[in-house]
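Consider the two complexes below, in which subunit A is the common component and subunit B and subunit C are the respective partners.
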Partner chain A sequence: MKIGIPNAMLSHKYMVLWESFFKSLDFDVVISSKTNKEILENGIKYSNDESCLASKIFLGHVQDLHGKCDYIFIPRHCSFKNNDVACVKFNALYDICNNTFNNLKIVTCDFDYNRGKKEISEYLNIGKSLGRSYFKTFRAYIKAKNEYRKYCNNKYENQNEILKNKNKKDNNILIVSHPYITHDEILGRPIVNYLEKMGANIIYADIIPEKVKGDLWSNISKNIYWKYSKELLTGIELYKEYIDGIVFISVFSCGPDSLVTDLCIRKIKNIPCLNLVLDELNSDTGMQTRLESFVDVITYKKKAGAINE
Partner chain B sequence: MNDILKKEIISFPHMGNYYSPIYSLLSRLFNNCKILIPAKITKKTMELGEKHSPDFVCTPFKYNLGNFIESLEKGATVLIQAGGGCRFGYYAELQEQILRDLGYNFTFITLLDAKKVDVFRLYKKFKLINPDLKFHSFIYDFLLTIKMINILDKIENIIRENIVFEVNEGEFDKLHRDFVYKLQFVGDFKSLNILYKDTNEKIKNIVIDKNKKVLKVGIIGELYTEMEPFSSFFIERELSKMGMQVKRYTTVTYLLFEKGKAEKVLLERAKKYIKFPLGADGTESVAHSIELCEDGFDGIIHTKPFGCTPEINAIPILQKISRDYNVPIIYFTFDMQTSETGVKTRLEAFYDMIKMKKEAGYV
Partner chain C sequence: MSKHYLGVDIGSISTKAIVMDENNNIILDKYIWTQANPILATKTIINDLKKEAEDKGIVDELNIVGVGTTGSARKLVGSMLDSQVVKNEITAHAIGTLSIYPDVRTILEIGGQDSKIIIIQDGVVVDYAMNTLCAAGTGAFLSSQAQRLGVKIEDLGDISLKSNNPSKIAAKCTVFAESDLVHKAQIGHTKEDIIAGLCKAVVSNYLNNVGKGKNIYDKVVFQGGVSKNEGVTRYFKEALQKEVYVDKNSHLMGALGVAILARKSDQEKKFNFDISEQDFITKGSECSGCSNNCEIIKVYKNGNIIDRWGNRCENSKT
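Our next item is the complex of A and B:
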């Protein structure tokens, strides 16, 4: 039996976990192709025009998988420990897909801590609904979780390595945006590639170790309750000593970002910030001009600093 | 800031007619301070709010910010923001930062922390402003205000249902205005009951013509655009003028006391279409539209401010419901650029459409 995972939204964060989990349960895993023009167009066609661009792309990926696999995995993310919540978009992805496409077979689970649904029991439910034994599912979950933990820490260590070995002349630019934007082929990739082409050293705020001591995010925002925005703020705090500039990337009409990015820019005083908002009508040239001038600003600022020293 | 001689001036953002019970509550709690009802929302409020807000934040943020700026300009020193689910809980922090960056000096109070009402913490916060505040009177005033809101909602519901039948135009409006004005000065349960009875009596005396043929429509959607008439270009009044009887579920009473209990019932009702809650008021929109369709309403009006994620989540499902039950649903998105004429034109077309549909049904 084939399980399809759309390569969009939170898959960019949890792909290792989910892939390993389903493979250990002896399923074939089909991952939708990387975002391309066709997926984007399909997504726009199928979704409400006011939805955020990331969710439009998600629908495109679901359409891409439709018919290629037996079940599509669309979990619901709602609330987590410490009263953290996910953006309400993640609450409804399952129901949106179910009502938009006909004859779609979906495997789902409900990560809703505040309603008493624990992560592990939800994974066990998936195994149950697919006809796998309790014990096997449990083992698969533990294995997947370990792999995911290793993967996160590895990524973090790699990034630290880059920071240590950096040349002092290089510009270190921190990308602050959700993983499904940063690592998306159409949204974040072109920006990251262009910055790298200009010789900048890219650091990602979404790469943080699995457990971070202390509430680093509270230095920027005291009341924040979106889990994924919280992680980005933690990333900013972790790396802020090493970086010369911050690029915020958000997609148009993203709920949490509309508030959090604005607050960040108001609170971070000594690091230059650039706020890029992407929508489906973006022009590459306009974006490149802004990136170039931003890199110029950082370079001049650094030079001026070096002279002053 | 702790200058005793200086009198604090307290202000809060607008939402519908709820300023009246809130004013009454604050003036009883803080008898050492002056309470400033923010200026009525106008185009200027919108522009002020929009100028200083992030670009694509949802519209209520901009209205609230506009209210705050206008109040601060009039000398307010304490601002109160409620807080709640979805993005609303995060408004306070950013609004405070924006206003501080603008150079205003003030104290900011949020009623709900982390989505929970903590009575003792709230009491402590209020005590900072009014050191003489007693706990028992704090509780008494809160209960009274809840009752006031309850009665305000009841009266407004009656008016909403009957205004379309009135024979002499403007009678209900006048009564409504009078009631809201008098509500501000109610100080105890007894006078509140007298006012309620009195108003009910007056409503009975208004001549209505129940035989008038009207269309029945329901309003669903996001709470702020439903409850703050300015933000939806007074859509309810517009509907009644055209000859439509309006039903609306969302009131503050509903949000405070019934929503929590109702969730399971709503999900059960909507289970044909949705499996999980859609977040914020999305589930309500779906369940209520099913209810309206089954009750034989002629049309449904869905309102939301620009960028409201939970309502956008609900739209694909509402579209399916509309097809299945063959009941038209019209979707309005309100933001700073929405033109009033555009809204009116669409409403008129919608009215004509459901009217023709009904007439064809009779044949």
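Our next item is the complex of A and C:
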């Protein structure tokens, strides 16, 4: 039996976990293609106008998988430990897809800690609904969780290692945006590629260890509400001493990001910040002007600093 | 023989070009409308510069060894003119302005589609902000409103100075501003008051969006096409409670800046004025290499391809 995972939204974060979990349960895993124009256009076609671009793209990916697998995995993410919540878009994805597409078979689960639903029991439910035994599912979950933890920590250590060996002359630019924007082929990739073409070293705020001690994010503001925004702020705090500039990328019309990005730009004083908001009608020219001048600002600032020293 | 440098700034509304000598003195300058045809505008402006040089009798002394382009069509015109430097507007404007006002701290810039604020500290750009992709409160907004009122855009500033009681107009969005404007006219506001209101709205829109959260220190220089509008300058002074400098060449700063960058690039290449006799065409096509369908632009000079861009990967077949 084939389980499809849309290559969008939180899959960019949890893919390792989910893929390993389903594989250990002896399912074939089908992942939708990387985002391309066709997926984007389908996503826009199937979505409500008011949705954010990232969730529109998600629908495009579901459409891409439709018919290529037996079940599509679309979990609901609502609330987590410590009163963390996810954006309502993540609560709604299952229902939106269920109502948008005909004959769509979905595997779902409900990550809603505040309603007493623990992560492990949700995974066990998935196994049960697909006819796998309790112990097999339990072992699959533990294995997947360990792999995921290792994957996160490895990525973090790699990035840290690179950072420590960096030449001081290089421009280190921190990308602050959700993994489903940063690593999306149409949204974040072109921006990252363009910055790299201009010689910048890219550091990702979404790469953080699986567990971080203390609430680092609260150094920026104590009143952050969304789990995934907190993680990005943690990233800023972890890397702030190594970086020369921050590029915030968000998608129109993301509610949490519009608040959090604005707040960050006000609070972060000594690091140049650039805010990019992506929508469906992007022209590359406007983006390039902003990125080029941003890199210029950083470069000139560094040169001047070197002279003053 | 002394050396000269050409700087061309091709904006969405107007095209500016200057020729300067080795000491950054502008010796020729020209300002024309782009009219959505950057290739023709560039040819025209190069031709105009040549004519101006002939009129001044200095055409034989001209020895242009460096070319720089900036503005939204910088890439296209850059490959047309085979320029050494193709630079974004922010950097070009900052460098141009610094060459005239070395102690500038804040540059307010309102162009045809962009508006930006550039913060400078010790002669280095330390921060900037640009409008979002929406063109509300820029030159494009003023020119469409001028058209609606049946007034030439060049006259807006003078007319607005006659008013002491500007109407309140929302400049957040061009569509809303238009309905606001019609309404104000229908309840009897005079044209002068409405135009003054428009100028004021541009300023408040700018300060609330682009200038949001930025510390504006002296000295403040206002430039870009809209700086030619004295009404807008007046309301900037009122709102900021500061002297706002508008250079007589405020519209040429981008062109000047990029000419300076061309001089500093130390790559010399003789520039020929015969560009206006060459045949340039661009062709846009959609790549069918993958489902991204990138829009690829190719530039031809006399039928030979000289430049291409737009593809996201190496897959492009066309």
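Note that in this section the second predicted complex is superposed on the first by the 309 of 309 C-alpha atoms of A that agree within 3 Å, B and C clash if a C-alpha of one lies under 4 Å from a C-alpha of the other, contacts with A are read in each partner's own complex, and residues count from 1 in each chain.
Here, a residue touches a chain if its C-beta (ideal position, glycine included) is under 8 Å from a C-beta of that chain, and two chains touch if they have at least 3 such contacts.
Predicted, not measured: the structure shown is a model, and the values here were computed from it.
Trainee: Looking at the overlay on subunit A, is there a clash between subunit B and subunit C, or do the two fit?
Mentor: fit
Trainee: State whether A:266 touches subunit B only (first), subunit C only (second), both chains, or neither.
Mentor: It touches subunit B and subunit C both.
Trainee: In the superposed arrangement, does A:87 touch subunit B (first), subunit C (second), both or neither?
Mentor: first
Trainee: Between the C-alpha centres of subunit B and subunit C, what angle is opened at the C-alpha centre of subunit A, expressed to the nearest 10°?
Mentor: The three centres form an angle at subunit A of 80 degrees.
Trainee: Just to be sure I read the superposition right, which of the two partners does A:277 touch: subunit B = first, subunit C = second, or both, or neither?
Mentor: both
Trainee: Return first, second, both or neither, reflecting whether A:154 touches subunit B, subunit C, both chains, or no partner chain.
Mentor: The answer is neither, since A:154 touches no partner chain.
Trainee: Across all Cα pairs of subunit B and subunit C, what is the smallest distance in the superposition, given in whole Å?
Mentor: Value for subunit B versus subunit C, nearest C-alpha atoms: 5 Å.
Trainee: Determine where on subunit A the residues touched by subunit B overlap those touched by subunit C, and list them.
Mentor: 266, 277
Trainee: Which residues of subunit A touch subunit C in the complex?
Mentor: Interface residues on subunit A, with respect to subunit C: 36-39, 186, 190, 265-266, 272, 277, 279, 281-286, 288-290, 292-293, 296-297, 300-301, 303-304, 308.
Trainee: List the residues on subunit B that touch subunit A in their complex, please.
Mentor: It is residues 54-58, 61, 86-87, 89-94, 97-98, 101, 113-115, 273-280, 282, 306-307, 309-310, 312-317, 320, 333 of subunit B that touch subunit A.
Trainee: Going by the contact rule set out above, which residues of subunit C touch subunit A in the complex?
Mentor: My answer: residues 72, 87-91, 114, 122-128, 130, 132-133, 213, 290-293, 310, 312.
Trainee: Would you mind writing out the residues of subunit A in touch with subunit B in their complex?
Mentor: 47-48, 50-52, 76, 78, 83, 87-89, 91-92, 94-96, 98-100, 108, 110, 221-225, 252-256, 258-263, 266-267, 277
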